[in-house]
Amino acid sequence: MVSSPRAPLAPTRHLTSDCQIAMIDNMLSITSALLDELVAANRILFNQGILDAFGHVSLRDPDDPEAFHLARNLAPARVTAGDIVAYRVATGEALDAAAPQGYLERAIHAGVYRARADVGAVVHSHAAALVAFSVGRHRLRPVCHMSGFLGANGPPLFDSRDHPGADADMLVRDGATAEQLSRCLGDGSVVLMRGHGATVVAPTLRRAVFRAVYARVNASLLAQALPLGDVTYLDDREARASAVHESQVDRPWELWRQQAEAMAASS
Amino acid sequence: MVSSPRAPLAPTRHLTSDCQIAMIDNMLSITSALLDELVAANRILFNQGILDAFGHVSLRDPDDPEAFHLARNLAPARVTAGDIVAYRVATGEALDAAAPQGYLERAIHAGVYRARADVGAVVHSHAAALVAFSVGRHRLRPVCHMSGFLGANGPPLFDSRDHPGADADMLVRDGATAEQLSRCLGDGSVVLMRGHGATVVAPTLRRAVFRAVYARVNASLLAQALPLGDVTYLDDREARASAVHESQVDRPWELWRQQAEAMAASS
Amino acid sequence: MVSSPRAPLAPTRHLTSDCQIAMIDNMLSITSALLDELVAANRILFNQGILDAFGHVSLRDPDDPEAFHLARNLAPARVTAGDIVAYRVATGEALDAAAPQGYLERAIHAGVYRARADVGAVVHSHAAALVAFSVGRHRLRPVCHMSGFLGANGPPLFDSRDHPGADADMLVRDGATAEQLSRCLGDGSVVLMRGHGATVVAPTLRRAVFRAVYARVNASLLAQALPLGDVTYLDDREARASAVHESQVDRPWELWRQQAEAMAASS
Amino acid sequence: MVSSPRAPLAPTRHLTSDCQIAMIDNMLSITSALLDELVAANRILFNQGILDAFGHVSLRDPDDPEAFHLARNLAPARVTAGDIVAYRVATGEALDAAAPQGYLERAIHAGVYRARADVGAVVHSHAAALVAFSVGRHRLRPVCHMSGFLGANGPPLFDSRDHPGADADMLVRDGATAEQLSRCLGDGSVVLMRGHGATVVAPTLRRAVFRAVYARVNASLLAQALPLGDVTYLDDREARASAVHESQVDRPWELWRQQAEAMAASS
């Protein structure tokens, strides 16, 4: 399922070139409704405690799979439609050379989109309950019917220390490290990142948000259950059947969106 | 105490039939005040952290014990009077064939009402502290004077894996599985559901909400007390005497309702 | 330090009797400013998570040590000046025979005021972190410089099961059980009540609120510290010196009051 | 790195003396923008749960390294620009003899500024997760890429009991004890204080706030990770490289400031 990285597009600097115009068209191809969804995802993930001042959520362009949309370098709770920037999947660089500064780790998103044609949205978070499982030995296996997307054996762990090319600051900011991260993710939904957080993927934005929330819920549930002894995990059949719960994704989405809007209105 | 399931009513499709008119009458038999109570129960249970985007609360019709009232497929925090649908106890199907889509697990409510004539309200929740006890070995016994309704030995555990007919997705969506769940509940107030949550019952709506809240409070208290060693549980005499605390149910109800209304007003 | 209970006043029923007029005078002896303090204490203790729908706080009358002031049977967050009732220390009964229904456990307050002439205010709470220490073996000793009032050895534990006259529902509703509770409290500031909560006392209302909050803070701190191993407790000298921190009580009080008022204004 | 304490300035009492006028000039040397930052820091630290009614944050005067700015004795959430007082680094006393009452522990700030010329801001907090590590045996080592400022071996512990001159109430209120605390801090960013809290330092105010927040985040993460077994800590190379994350300090600062202002507006 891991596809080979696509060749990077030639860099363009001149606004009047045909190539650049095509890119501007690409930038406009995302509808205002979809932009609103991405802004809502930012605010929901903050409001649900998945993102704080750090972390980010992106959306692959529905019309151009070689592009994705991600906020500029800004805390997710503060993101509005005007802060969304179009990036190239091939390079992780902004389509518009004049775009504002991006997140240091936008390479994560680009890398996953390159590696996984089935992925439509990516969340990178530092949610505490997930960081804890990234540094402790115990495996984050699913204990709750909503979180079978973790896989019966739980998500893999990416440790930057195992990758000599990775920076000591543990950030994933270049294509090579992002490719190693994507390889670790494999065809799963979640990869834990040691001492750092998690990257969560899904075919759609709403499902990526759902998984980001329930990965955290499951981590918290398992941490509560472990002291009670002899934990029963979802078996493989249950983990796979759990996909049906994502058919209900609109129910939490509408609630979370309403909560996030109420919060925004009061701030 | 477990009564035999009632025979299902014949399905009706024609609005002009006498039978349908009776059903419409049934639908109207619930007073506006009672609808308000059920809406308040939805919001209280959300506000108290018992329900999130999932879970539901129902009320048996006070005039027709063969019917119950439950919201359509909607997050509890968003439920208004117009979202309440009348269902048949016999089948778990809406009285009105044109009713909007229902919760996947409304069978839980129908099954319990069929099995237990003494039950007037049912809460099905995914409260995290209860899910933890559903997957860990330690028994959820009462440690606090408010939660004797759990029974001195604590609630039974329903594991869908033990029931070959149950779906691997762990949902209870058919009458047969709901009957197995009700059998597991027996004449108790609470049944834990492995990797899923709990179902809580009571003679009245306010007491069902009270028990749903204090089941969670007790689970959280016990989790905090276990590391302290040698936990003292309520003995059988204390668990039975604890029923007196439910005579005070209006005190928390009025507070919780006020809090839920304040939350709704600010959103 | 435990003084003998005072003889109960003769019951009075006739509004026109001299005795009754004296009582009405007593009722009026509490100033409006002091009533406001007591209302604020109710709201602060709710807002700080010490009281929920249950628990209560009382104040001994500054002019008549034989009377105390306590809300009627109402959730603390909802208490206003009009809900405060004057009670007799001797009997725990309202001075005004026509007073609205009182808390089931007002005997706790009366009993402590009878036993301890130095006590000016009493908080009875069900704060979870304290209940956990009331049912687990580990002793609630002080670990933080603010909570030396717990005493270097920590508060005693009252277990209703050890007192044959106490009700199985674990409530303290009669003078005899309240006297046993007061004896257990001794000359301390806090007594834990097994499976129930704690009763906290102080010379002044603000200090009782301070101690109720920091008893909970300390319980939570100790629960967090225990898994870290080899906990260092305050020694006796430190516990006694900790009294100096209560000289700062106005700083948290003014903050907590402002927070409680903000909450009330938004509800 | 620990410089020797500077000689205290001669005390001044007469408003008309030249010396006093110089001091008033000093007091005015802090710009209104900087005062706003310090007020924001107070509110942010409260809103993030680092300070409650206690604890404080100070800023060294950018134009006069012998002075620092700190609120008067007031809960941080309630501090406004008018509550900021200028203090002498040398003595911990207010430049203006008529200044309102200061915090009992302002000596902590003065002592650290005397000992560390590189320190531009100091936070003293009682954050619970840090107090827990101050009384338990387990060392607070960094587990998350944001908290390398703790040092690979974690911060040192100051125990007032080891310092015969320190008060039994565990407060640091004199220069000698503050010097011992500063010696314990050494050239690090954080010193834990047994049963009391932590003191956090940085070259700038925003970084001191950042470190105060992430010291707490790391303590909470480590407490969650320990039960999972075999915790992986940042190694020395990673801890040192972590400094790069502080280049992003404006991102959380702007979010936290916005949140704190929203909170203030609703109160």
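Going by the order they are written in, the chains are A, B, C and D; count residues from 1 in each one.
By definition in this document, a residue touches a chain if its C-beta (ideal position, glycine included) is under 8 Å from a C-beta of that chain, and two chains touch if they have at least 3 such contacts.
This structure is a prediction, so every number in the text was calculated from the model and none was measured.
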{"item": "Superposition rotation for chain A onto chain D, Cα-based, multiple of 5°", "value": "90"}
{"item": "Fraction-based call for chain D against chain C, same above half, different below", "value": "different"}
{"item": "Euclidean distance of C-alpha centroids - chain A vs chain B, Å", "value": "35"}
{"item": "Multi-chain contact residues (two or more partners), chain A", "value": "226-227, 266"}
{"item": "For the chain C and chain B complex, residues of the former touching the latter", "value": "52-54, 73-75, 77-78, 104, 126, 128-129, 131-133, 135-138, 159, 161, 167-171, 194-196, 223, 226-227, 266-267"}
{"item": "Residues of chain C that touch chain D when the two form their complex", "value": "143-146, 217, 220-221, 224-235, 237-238, 240-242, 244-245, 248, 251-252, 254-256, 258-259, 262, 266"}
